[in-house]
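Think of it as A, B, C and D in the order they're written, each chain with its own count starting at 1.
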């Protein structure tokens, strides 16, 4: 009984803390005026779109044991490309979106090759790639923002809520679709399971004949495509994009990273869930909303997101620190010893 | 042996013909012929470093540069990668578990070949069903395959590992020390499984130090020594004594010169030493000039005693008296200053900083002694390093060379040198010569004896029995975390040690 | 048999990677490190700028421009060296020390500087304890701590900037301290040829050099960085060593933060933004690797020089800010790639 | 486990402390420490309350008996920190005809930037969705002001906004997205959700503003643009726009500088963040002005090193090396960190002859003007910016006619008049 109870607590913090966090935020929402309105939730969900795409990409890489710091800039690239193709080049929307995703894939490919083939740490590769993308973006648009130039047709479609009485905009439905597709891919396909295996135990994966290089490159490419699409959707829904999109405020990269950690994805890889990341992002945005209504100050937002992240890191650190002490213990010897010594507790 | 093969009847499931594998500095496997029939459990025994594991890794496709020929079911195969070996029906169960701990059992079982529902998706139901089937075959039918590996016991993980190998439908299964983490009841379960596999017509190669187990489970036994095959014996025609004689060979007496130690006063006394779940109520004493061996099979708590003694791992109860003073070490810094050193068993993971130079590695234990205040410059102390390099004949004798660019034997010498450079009174040596060539082994052994002869105490934790026999003055036997006996110098030979560790023979207490 | 042996030596088959002989070119590239790039840049600079490049003015301007990055890099090198990736709390360490220093100006210049440095160093102590002792993930923890600090600093000062002369108020003594504080970044020796900031940067690098090579701390840090477990089991007090590495890192960052504040004459939470990755870039260019225990301070100084010279030359050629990002990124990736492959060839990775 | 619990407890305490700090600190940012010390237990209730619900303590002399506010009297009475008028009169601007195709004109032709410089004046009909003025005056009206991000300028703007709104008896909340476009979009959604009477917005992006103002108007709330210019597409969705006339101010600075340079020489530009309206106004404003009036002044280089003193210093030092005596003047888009860096670089090189002009109105800039290091800066009151916006809103609530685009007066600060602008706003 005691043990199941403890297990329950542990799993609440380990596996479901994103939901717990969301719950806490929702409770605090009671004190905020107009928090529980359809409009507010539509806005929270829509606002989560960009962060979700970035968070998904980041989580995917982290499950495989890598870090992709370039997600923020790849998303900016997506937003700039889709609007650039549409407004500056006059291509149809569909082609523009394809170009955005394709460019994302291209940079993902570059990241993947440098990580898998040149064996450079992903942290370094993506750090350098940030500068490269930033430079290219600025050169492409000459530093200026690109907008839909009054062509709000698709923007309006993205921002409309097609289902009555539900706070889901089309933009959010696309986001939700991406979450579900990635969840299915990770859970239901061989590739998805290989991602976990690569992060969990590279040697096992190798011994089992999983082509680790090819899979790593594919992971980074998917990350790029997600960012490209996420950025493109955001850019169109906002009607504009600037090259500085990925670096202002609490940068989208930071929100994605924080949500990944809060969602319980293991920093060393092999464990994680995109659903938890998604829930964390919604919770973070809801928290921003509550704080804005209650306090109205940005500094409190950054403080709270820091505290939540710090709390998760500390929790993980201390449990790991405590676990280290009993690592490798032999339960049969414990049992035997307890029987002999008459002790019931260690 | 191979000439006797008749390819039509009595065909070998596996035949290796004069295979060799060279590592820098050693010939790990030297022209070995080895053959196993289908439906046979073939045990492979030998001392540490005899080449058993290398031979089997060759079979599992971990080396692409072996020489010789390997026939599986009469066909010549090139086992240059793990996936090739798998295709040819070789299944290998490694000593260290190769399961991803945070991933579910069924995925570990079916890694790389999860069943598909259609072109896109895997079929989880089918996967779980297949996994359950596999688990059933190893007697884990009640286990839930969707659990994470980290949630199940060590024993179940070991059995899962076997199930994983079974999943690829091998015709040959290699088990490397499969019982090291199992209790005696669990071992029985494992043997029942092996028996059923045998009946299904699989060829099983079984590597173990537990001779008792081997007699229980094997049909034929091949003995290896120093990378060469000594011979193959049907189990009915041999005995423990006979095997040990073959494993040890005559070289032991030649190799280990007789030494007589001058045993001085008590140096280290350990009482009621307990870490729950690892070792319990361990008492022993080490005298000056004495080499005390703690002998036990893998998983007996040997290493853990050493680690707890120097504060590298926690301790639940017990007292340690060193040189008349009661001490308790919270970490290794205190232990080294207090006079106990610990040479780790895994030099690459926990022993040496292989990306640093020989100098840095040798001096790391004595930085505090050498430094004046905060100031310390390793190049000033090259004398100390050169002396150790000379003492242990580390080759090439370049203090600035990176450890990674040395051969395994010389790396181990560096590890030894780093502890000999200190002024500690007691040295705990955990497998001081694992995976080391004969030459290096001899040098390290001489260094250990010299160290003890200077009036220091040595605690030797080794599974290399000739080493124990050749070096130690007294041995205590550890089984399942408890001390079960003590053997004095005049009684020590490999025979008595092996028997004691295997739970046979006389217990002296 | 013979076919087997031929195959065993055929190309494409993996050989034992532990080499006993060492590739000369790899060793040269590895040793020369960032200075190889410095030399190339020097040649480019000489060609394109026709003599103006090596003028005292230009050299001083390059050094002056990198002095803040350089100060922070001298400290950050310890953290990278200890295999703890990066100190993401660097920006807030700089901001906090600057703001504390400005806030303490009414108590005199000495209290102000000491207080500012102490506040910054405190960040390092917390980081060090959590990462060195409890083994928290260095990236995530320092990132979280940076956010927390950022929040605290913004809340504590109400989101506003503070000016040394305003904080000083009307007191003559405090006003003088404010003037002194603002003059730190504007002090020159030898008739304007040698700015104080450059002197401080060089002093910090020399200090870091001695800390890393000539003290027991530095040598222990090398072992901790290369193999934490091996160092621990050799009796090295790893926790203490890592804590000290973080303390040194934030000490240098705090000094840089005070100069930054003195330079802008404004204490603000945004001081130091972007220094986390900028400094890491310079340190990695200087030949240190994330695996720890590799590279040296001389190399890091070279990396800092590369950053400064690259920017200088690009501005001299007239490359736009946008293209500068691109060039920096590409140069960084190429250098790191060469560095990684030479490390691998030397058997160090 | 104990340790974990301790940490949890600490974090919780910290969280409550923060809530306490900030909820009381909204009105007086500097006093939050004492406030937190005084009432540590009141955190939750304080947090739940509307921060702006506290009625202004100061006695309002302009309050007439009937409760209606005399807007003109309020306008006349309020002063900024630097003793200027908080709510100055908006200024109209004359505008020339629009060229055929501005984008075909060369970079240094003023016509090319016509759509930015004269944005809003010819934007056509206001959108029908803009609600009608209630006509019952500003009292008790709820206003949400969304700024662009945290900055010392913003703090001054916030102060001005609160001071002005309180004087009118309006409730105001100021929200900041910290320069994050995505977050600003979200804040707008939240603001709409809160159903205020008006929303004043400093858009982060001129293009995106169309979408933002459109959204507010479609929700039936009056939208007021402030400070940042938008594209003309956004103008129909605003009840009114107020703010500084960046282009005119830059032209004014350029004129004065051109005269000081004697109509010839080389000039280099440090820009604002590329892409935004200040970028064009503060770079191409002077460039086009010079092209028209002083064609012998040559543009040497344009760089965007951002707002960090060290970076700017490096760029300016490199310029001095590269151009030598050809460099006679530098035009900066910012008079604080950029000015500090540029002045330091010039001094270090001993090139006191280089004239530096900066846009902006910070304490740093004013100090540098006073010290003679900067030639001129422009007077651009942050509080006045907010004040004008509040005034326009108040007038609109009262049903008065407001200008569709109302500019702040353009003034320059030189060493002659700098003393009159102390103490500075930020």
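To be clear about the criterion, a residue touches a chain if its C-beta (ideal position, glycine included) is under 8 Å from a C-beta of that chain, and two chains touch if they have at least 3 such contacts.
What you see is a predicted model, and the numbers here were worked out from it, not measured in a lab.
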For the pairs A-C and A-B, output the one whose chains share more C-beta pairs in contact.
A-C
Please compute the C-alpha centroid of chain A, do the same for chain C, then give the distance between them in whole Å.
29
Chain A and chain B: spacing of chain centres that average the CA atoms, whole Å
43
Averaging C-alpha coordinates per chain, one finds the centres of chain C and chain D separated by a number of Å equal to 35
Which residues belonging to chain C are in contact with no fewer than two other chains?
151, 154-155, 159, 291, 320-322, 349
Return the residues of chain B touching two or more other chains; collapse runs of consecutive numbers into ranges.
none
Would you mind listing the residues of chain D that make contact with two or more other chains?
18, 22, 150, 274, 304
Inter-chain touch pairs (all):
A-B, A-C, A-D, B-C, C-D
Complex contact set, residues of chain B against chain C
18, 23-24, 64-69, 78, 80, 312, 331-333, 335-337, 341-342, 344, 349-356, 360-361, 363-365, 367-368, 370-371, 374-378, 396, 402, 404-405, 407, 418
Contacts from chain D onto chain A in the complex sit at residues 1, 3-4, 7-8, 11, 14-15, 18-19, 22-23, 26, 44, 47-48, 50-51, 149-150, 173-183, 185-187, 189-190, 192-195, 204-208, 210-211, 214, 231, 233, 273-276, 279, 304
Of all residues in chain A, those that touch chain B in their complex:
184, 187-190, 193-194, 196-197, 200-201, 203-210, 266, 270-271, 325-326, 328-334, 336-337, 341, 346
Within their complex, chain A touches chain D through residues 31, 33-34, 37, 39-40, 42-44, 46-47, 50-51, 138, 141-147, 150, 152, 155, 234, 238-240, 242-245, 248-250, 252, 285, 288-289, 292-300, 302-304, 307, 310-311, 314-315, 318-319, 322
In the complex with chain D, residue positions of chain C that touch it
49, 52-53, 55, 57-58, 60-62, 64-65, 67-69, 151, 154-161, 163, 165-166, 185-186, 188, 192, 195, 260, 263-266, 268-270, 274, 308, 311-312, 315-316, 318, 320-322
